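Starting off with a structure, shown below.
Every chain is named by a letter (A, B, C and D) in the order it is written, and numbering of its residues begins at 1.
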Amino acid sequence: MGKYGWTLPVAASSYAGKIDFGIWLIHAAMLGIFVLWGAFFIYLLVKFRARPGHNAVREDHDDTPAHISVPDSISKFPFAQMLYKNKGELKSLIPDMVIMTFEVALIVFYAIPVWSSIKSSVPDTKDPVRVEVVAEQFGWSVHYAGPDGKLGPRKMELTHFSNPIGLDLAHPDSADDVVMGNEMRLPVDKTVLIDLLSKDVIHSFFIPEFRLKQDAVPGLSIPMWVTPNKTGKYEITCAQLCGFAHSLMRGDVFVMTQAEYDAWYQSRLATKPASAQPTNPAEAF
Amino acid sequence: MSQTYNPTAFMNNADTHSGVTNAKLGVWLFLASEIMLFATLFTSYIVLRMASSSWPWGWDVLNVPLATLNTVILITSSVTIVMAYAKAYDKDKAGFQKWMAATILLSLGFLVVKAFEYGAEFKLGIGPHTSVFYAIYFTMTGLHGIHILGGIAVNAGLLYMSSVTEHWENPLFLGRVEGAGLYWHFVDIVWIFLFPALYLL
Amino acid sequence: MAHDNHGHHELSFTERYVFSVDHKVIGLQYLITSFLFLLVGFALMGLMRWQLAFPGSPIPFFGHLFPADLAPNGVMSGEFYNSLGAMHGTIMVFLGVVPLAVGAYGNYVLPLQIGAPDMAFPRMNMMSYWTYLPGGLLMLSSFLMPGGAAQSGWTSYPPLSIINPGQTVWLLSMVILITSSLLGAINFLVTTINMRAPGMSLWRMPVFCWAQFVTSVLLLLAFPPLEAASVLQLMDRVFHTSFYLPKDLVILGKAYAGSGGGQPLLWQHLFWFLAHPEVYVLVLPPMGIVAEIIANNTRKPLHGYKTMVFSMIAIGVMSFMVWAHHMFISGMSASLSNFFLVTTMIISVPSVALMTCLVFSLKGGSIRFNVPMLFALAFIPLFAIGGLTGLPLGLTVTDIYLHDTYYVIGHFHFVVVSGSIIALMGGTYYWFPKWYGRKMNDKLGLIHFWGSVITMCGIFGPMLFMGLGGASRRLYDPTAQLHNLPVQGWNVVATYSAYLLALFQIPFIYNFFNSMWRGEKTPENPWQATTLEWACPSPPPHGNFEKTPTVYRGPYEYSVPGRKTDFWMQTDKN
Amino acid sequence: MSKNNDSRHDEHRPDVGLYVKVFLALMVLTLITVAISKIHLPRPQAIALGLFVALIKASLVGALFMHLWGENKLIHKALFITVGFGAVLILPIIDFVMVSRRITSPADVAAQHPGGHGGHAEAVSESVKLDAPAVPAKGH
């Protein structure tokens, strides 16, 4: 099936593997739990089906627990009386304990550390690619900070069909900035720091191959990062309903070698006067 | 029992499992849901206030003296309705009607003062759309005003019922007055928090 | 008033069937209405499914019936698709399953099971139905309004919901529906607390009553926040406030005129503060029904009655603290996500305990495989799939990938459709003899059962695979995105399964109405059950019990050694 | 179920003298809040004091006018449950506090780590916490 198939698409970022590990681990566990329970369930259905000569048998704890005498040795502990008298019933908590242990392990050793490494911190890199992604109905504008690592300021009143993010082109920080519509080119094995913004409604920036997803909320600038580690062409999609053309809101990601990337960036920069009018995502439709 | 089955008989009956009449329990549960409603509005208020870069001070943008007057009116009406309850408890019909009428007049007074306040703001071209502060101010006081209207309707209904002998002598009547009172005090409590939150702080 | 003579004069047709104050009539009104709304929601889904499987091809048969702005040349437009999606969710959740689980079953069965002659506030009960119906019709009528129905999903996230047409009617009818639910919840709580028959202590209540009790608490306390949030959104739409709108919005190239200063995420918090407890409102009553049916058909007490009850209470409490696991990637604080991750893990503990109890209850029984029991048994594995697939969604890290994909849709529908709705249908087969004194046909029931279960798996199973493939939900044209192309085949499978599922509901509908008049007559207690609803005539008269019943024991005293019969009713003294 | 038709034992015996005292107390407290707000206290103190007085007023009304003092335990329980669930609504507020203190731009991250050291792209241990309240949020 190539890159995409019936299961997870190709993993193309540094943390994609960590996320995939979780997905596969949980699905294996789910399958195990389901098969075990399913087998037990079917066994019960067959063994205890109603048939002539077979009668239901009550469990021991179905009789009044008042008659169960609690051993002296444990009767002094808090709740011991209640727990001991209901010990037959409490059997049902055993599978619970197993599943809970699994979940606690998953949270402590997997979810919390990996989550904080992906979402609440940025790797400390020397020379990151700085990008600002601005979502709108129905397209993405990708704003590169360029070699100076500084994003040119945006001004709402400059927003125009020819300048969808309202970039202040007169500002010195904007001199080496490039704005692309629905297209993102990244060098491989290099951390990209992305600020995610939205001009109108809530969108969600989703690159399945990077296992990267984040809602773009108007009024917030949400930081995120990714380190692509496989060259190729991938897809940006919008994962949050954003209007009638939501399904058409997509873009391409090209991960290329550093040399290719530099060449491309220079070519964009060289043609910038002509393309000071960046590709307009809205015109795509 | 099926012959003389009477659906309202149970509301009368304090000999329930809990020892609280159905009517009173119902009113309290209704108030519980109202608590959640206003708690949500206050949460929204706090969130919007914290997220905004500046928040106006009530004395600068709203009419605090009128609001203080309204606070006094509403607290007084809370006392008059509890007096009406006391009179109903003593089976003093004239007294009940007097205090209940006072309550209704006071609550109408509250709405009139409120109308003056709103009117002055609208005249200046200020409305809910002006800023987040005015939005939350109009929404919260507006919802509170709707609650006042509901209270007036209930109280007026009770005032009318007290003039009909059949209702006045109904053992349920005192419970109804108490329920109306509970609701009215709740509306008062909401205002006790709204007043400083919007006007003073 | 004190000596009102309701029972003495003949009730007119309107008093008896339309504006009835009898909880049984109201329950059946709810039942029929909510089943109709389920059908409507299902029909909307059928249209969407066509577009998903065959994007861009005209809808067969019905395509040209729609106005040209909704479906030009019979091909659904993007706006129309979004309306269908939003209304499908809203109708199914707020007009279908909740009224069915709480309004219909709760209303009819709860007072009977606790031995009450009626609800605590019969007139309020009637008002509750008569606010629900207009609210629902208003919601439906939004299709006919200029601008069409709501288009922002059932979650109505602003700012989209504020700039889209159609949302005002949605918000208005939500406020009405919430009011109806609140009236119902107060009524249920007071009834359960105050109106139990002598001897019916809380610990002798059937699990179903506990489920309704916990559900009512959830409804009472979780709905008002949504009501407040809806009012704020209504203000945003009607009075142009900016509760949910930040500064400097530029919508399709035009600056939005508004003061700004609002918070889009505030709506999400308030919405999910309701909507997560709402999920448990959808699940707990059906679970109660399953417990009733399983206890009855295994002919032995439930394993762990107390564990189940405590689990339900724990679920009820915890359900208020897990809502933001719907918001892990919404831009919410990443550290707070860890808090909700932990609470989500905690809530899975009582849920697993409940399921374990249901399975363990089979052990040692003498299992009768009648139609209601089949539905109850099918609930267990299907709901388990729904529950298990919740695991990777509740875990922050894996949710990054799976959030807003078809995996979520598959998970949710396994829980609600092949969980709740299957159980609720089982409830219909189980209590039908009580409602009409007649039994539903078994053969048709079997066709309905097997058809529904298999086709449901055919709809929702593929969604899980599509989700793993990265297919986003709410896409008008899934083929517009490259990574969806390989999984598009699953959409076709799901669509045909959905149409088959529709076909398999025909025997159910026929069976229901046919059995109402021509079904096999049944005695008072056809299932040899122990709970109180079977101790009164079928159908019960106004006032329910001939004389107030006295309760002597717990709800599930089956197969008590040394007794002639294998069931010992709660009302039997010896 | 109907052995007792007298509903009175459930209602509270009114105490008119007490009501008048509460009324006077409420009036005094109202004047106090208005007076407090007129002297320009710093905002946090003003808010704390204002809410404290409002809380006293609300408790007076609740306890004595609504007869919560000496009310049936069931109603106390119902209210405690409600207040407990209402308290959960603090979580959205906490979220907004944390979001507003989040470093909103990787530029701020760069500002914190001038020059950059160590080239380990994935070294989580050396990473910068995005939720740390180190840099004031950029106004949005």
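Just so we're on the same page, contacts are C-beta pairs under 8 Å (C-beta built on N, C-alpha and C of every residue); 3 or more make two chains touch, one makes a residue touch a chain.
Keep in mind that what you see is a predicted model, and the values were worked out from it rather than measured.
With centres computed as the average of Cα coordinates, no chain lies farther from chain B than A. Summed over C-beta pairs in contact, the chain pair with the top total is A-C.
If you average the CA atoms of chain A and of chain B, the two centres end up 47 Å from each other. A separation of 33 Å divides the Cα centre of chain A from that of chain D. Between the Cα centres of chain B and chain D there is a gap of 22 Å.
Averaged Cα coordinates give chain A a centre that lies 29 Å from the centre of chain C.
Each of the following residues of chain A touches two or more other chains: 116, 119-120, 219-220, 222.
Contacts with at least two other chains are made by residues 9-10, 12, 18, 20, 25, 29, 32, 36, 39-40, 43, 47, 51, 171-172 of chain B. Annotation for chain D: residues 1, 74, 81-82, 85-86, 89, 92, 96, 99, 102, 130-131, 140 touch two or more other chains.
Every residue of chain D that touches chain B in the complex is listed here, in rising order: 1-14, 16, 19-20, 22-23, 26-27, 30, 33-34, 36-38, 43, 46-47, 50-51, 53-54, 57-58, 61-62, 65-66, 72, 74-75, 78-79, 81-83, 85-86, 89-90, 92-93, 96-97, 100, 139. Those residues of chain C that touch chain D in the complex are listed here as 193, 198, 217, 221-222, 225, 246-247, 263, 265-266, 269-270, 273, 320-321, 324, 331-336, 339, 548.
Against chain C, the residues of chain D that register as touching in their complex are 1, 74, 81-82, 85-86, 88-89, 91-92, 94-96, 98-99, 102, 130-131, 140. Interface residues of chain B, counted against chain C in their complex, comprise 1-12, 16-18, 20, 22, 25-26, 29-30, 32-34, 36-41, 43-44, 47-48, 51-52, 127-132, 135-136, 138-139, 143, 166-167, 170-172.
Within the complex formed with chain C, the chain A residues making contact are 1-9, 18-19, 22-23, 26-27, 29-30, 33-34, 37-38, 40-41, 44-45, 48-51, 54-59, 62, 86, 89-93, 95-96, 99-100, 103-104, 106-107, 110-112, 114-116, 118-120, 136-137, 156, 159-161, 166, 199-202, 204, 206, 208, 211-220, 222, 235, 237-248, 250, 282.
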